[in-house]
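Per-chain numbering from 1; labels A, B and C assigned in written order.
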């Protein structure tokens, strides 16, 4: 009966596929050679700095080899981390953005590594930097890079138009006015409804505390006074056509930057690298200054972005993983690579080293860039805390802000809407939230 | 095609009751369909059942301080209530209706038009056009994101460039309500070729005797197209219509593509985007599962209605 | 049996009627090609030209871009391309085998559960990929395959539309008489399938192959979720990681665009090559001639 052959053929196809799968499957986070051979760690990270750092580590540590994968940017890789942890497939080590870290803790992804942080390692970062990865007195990650907020602007064009660099937000408004009057096709900056991190940073600079916890009780302050002050400020600028509402880093935005129609980007210290990526020909025309302040004479800024390296709860080699995380983030070699690829190191060693490095490619003329960066980094607000559902807040914020802009309703109301969604979500999950 | 049947007991579509050949291989058909069935059960049925199971559960905090851990527990219809009382989710269906009203008729209409044109003797450049119109089908979503960004944003769009030169200003591709057309356009652009090929091959299967007879009677090409060809490709039209309907309900890629470029599209613009957000951004897989089940039920209902309405025309052989 | 050549031509059409169809279809062709043309043009622009020159003006950076593309990450693009080829090629072949077998079985035999099987499989189109993606991932993880090549291949093999097409082809193209005759000659069912059924179903199988190849090549979500080792990514996921770095890292636009352009080319070439197999007698299911 030839159908037996058919059955056999069909079965072979299926088995063959499975065998291919078997030999290539990796179902656990780390791979253990039973005979005490080298330990292999899986490391998820994005960005151009990662490959060189991993290569440097692998060369120096033949007994602990690290395999690097780019699992997508911050939002994507954190989503994958959660799913992978549930499935038992998580890597040993991963880069996690500071704002997502609480969600990783609640999702049982990030492991408590307080035991692996000895005093020596502790001394390599400032207390406020450790504050980014410490919760309930437990350390959950080693800071890798930080993004103290700063003001990056088109120096050439502002000089041409005779507009002084603003040091306060009030001056920023005046400057925006001057720019737009002098050149109706240009705007000082754009307001981006998706930039949750930026808005949060500005609110924090104004004194807002979006999440705070007292014992077991959470308080959510997304629409507190300080935040609403920020919303009103931007509302004012938008209503008077001093600022363009547009999404960042789209082909159009990039083109406008190149054409001198967007003249600044209030963001953080990593901004020069990003601008350079889309406006290479403008090297030498841009510069960096401290972010404008609410009160004249103040100098405090928040962080925007930046990430830490966490050891996952799925890792079978937490000690080695912690060692790796510590090495790339706090040694001279690691810091050197970070700087060369545009990351601003979180370690004090790295920041000091930065001071003697070349300025970023976008602003070779600003020789005091790194000194200024150190000063800015030293003025960051201590104890910024994120909550357990930042992802929810981010998506609600983005939608509410977009809607406000589309409908012409006040940005304030968008904040209130976001607050409601965040509080409701925390309550549904079971957190204790005060009204 | 028509065959001359010599054995009066079998039809030209040829299904053989196994009872007449039971000594041969009663299990032969089972063997043939086995791989498909096994794969179907493993990768479609089981995941879907798991989704349904998940939709009745939720992630809740276990006590343990401010930063307790979340665990999965049974919560009954909680997710369904949450999804169905979510105004954004339901508004998504409303937007689907508008989007579908633009995308489906245009996709099918253009596909039919191009297929008819290709079938016309008078048309030149057939090979080139047929290939060109089919190419968008081969373009992956990631690439489409790049392309349409440049095509739609006022500053970089060649279309806006032309209208600006003509003094008409830029085309507001990315504003409300034009955004519906812009999103639909991406789907139409990608889908016309595929549907055109289906209708065209159906057309090519019509015996020419029918047309010759009509031409002898004095009918011109347009009349032939409208009165003979279109009715005869109705099964293909129903098929493509069904796919277009399902595609509309499951639209996800096109609005997601445009979202980074405009504030006119929220993260919950269509139901599947809400489901994606729940699953990946909010890490609320159970709620996403509930939304999916609801969406699947709607899809089945609408498909059944469509097929009932056109049943006689669609599956003549079964 | 031979078909008379279908003569849809006429000879007495006025000029306008002659020119109009061509004009309309050329407009359609142009509309479809414009964005693709953009990708090809944009891939010639160097990084600094991308956002400073007119959208359709060719640039000067093609060679540099190609070099950057293949040098990125130490040759990752080449790896991604091979992966895409593996997933799409092997996946499409397996899919054709499974679909042909299933379609033939459903069309040529009556058996208990035939309609149940057919309609259940068809119902598979009603479920969006996003819904299935995570459960498939969890299932694969339980079996220990997550992250392997099989975890991406296996879910994409069963294609409801492919099975439907094969069933239609089998119905229409494989006459019962031939099967009966072969049986009387003593051939087994399997032999009949491979020696008689398959050759007759070939145009349909080529169609299914092409559809599956394109579908798998362009699939993003399943590999994105299943894979966490970038040496196994297909091109779609690879390109995505180039672009989606968030606002803290520069997006590698030029590399992504040239990568996209290079990836479209083999697909188009494949389509052109397989086009000639699209003859008459294809999807005519349900037609009564």
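As a working rule, contacts are C-beta pairs under 8 Å (C-beta built on N, C-alpha and C of every residue); 3 or more make two chains touch, one makes a residue touch a chain.
Predicted model only: the values in this text are computed from it and were never measured.
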*Starting from the Cα centroid of chain B, hunt down the chain whose centroid lies farthest away.*
A
*Which chain pair has the highest count of C-beta pairs that touch?*
B-C
*In whole angstrom, how far does the Cα centroid of chain A sit from the Cα centroid of chain B?*
37
*asked:* Nearest whole angstrom, what separates the Cα centre of chain B from the Cα centre of chain C?
replied: 15
*Listing for chain C: what residues touch at least two other chains?*
51, 97, 101, 134, 138, 154, 188-190, 193, 240, 253
_Show the residues in chain B shared as contacts by 2 or more other chains, in ascending order._
25, 28, 31-32, 35, 150, 156
*asked:* Quick check on chain A: which residues sit in contact with 2+ other chains?
replied: 1, 3, 6, 10, 13, 75-76, 251, 255
*Quick one: in the complex, what on chain C touches chain B?*
1, 3-10, 13, 17-18, 21-22, 24-26, 28-36, 38-39, 42, 51, 54-56, 97-99, 101-102, 104-111, 114, 117-118, 120-121, 123-128, 130-132, 134-136, 138-139, 154-155, 157-158, 163, 168, 171-172, 174-177, 179-180, 183, 188-190, 193, 214, 217-218, 220, 235-236, 239-240, 243, 253, 256-257, 260, 263-264, 267-268, 271-272, 275, 278, 280-289
*Would you pull the chain B residues touching chain A in the complex into a rising list?*
25, 27-28, 31-32, 34-35, 38, 59-62, 65-70, 88, 149-150, 153-156, 176, 260-268, 277, 280-283
*How about chain A: which of its residues touch chain C in the complex?*
1-6, 10, 13, 17-18, 20-27, 42, 44, 46-48, 51, 67, 69-76, 80, 83-84, 86-89, 91, 147, 195, 197, 248-249, 251, 254-255, 257-259, 267-268, 270, 273-274, 276-281, 305-306, 342
*Which chain A residues qualify as touching chain B in the complex?*
1, 3, 6-7, 10, 13-14, 75-76, 79, 82, 102-103, 105-108, 135-136, 193-194, 213, 215-218, 245, 247, 250-252, 255-256, 388-389, 391-392, 394-395, 398-399, 401-403, 405-406, 425, 429-432
*Any idea which chain C residues touch chain A in the complex?*
47-48, 50-52, 73-74, 94, 97, 101, 134, 137-138, 141-142, 144-151, 153-154, 187-191, 193-194, 224-225, 228-230, 232, 240-241, 244-253
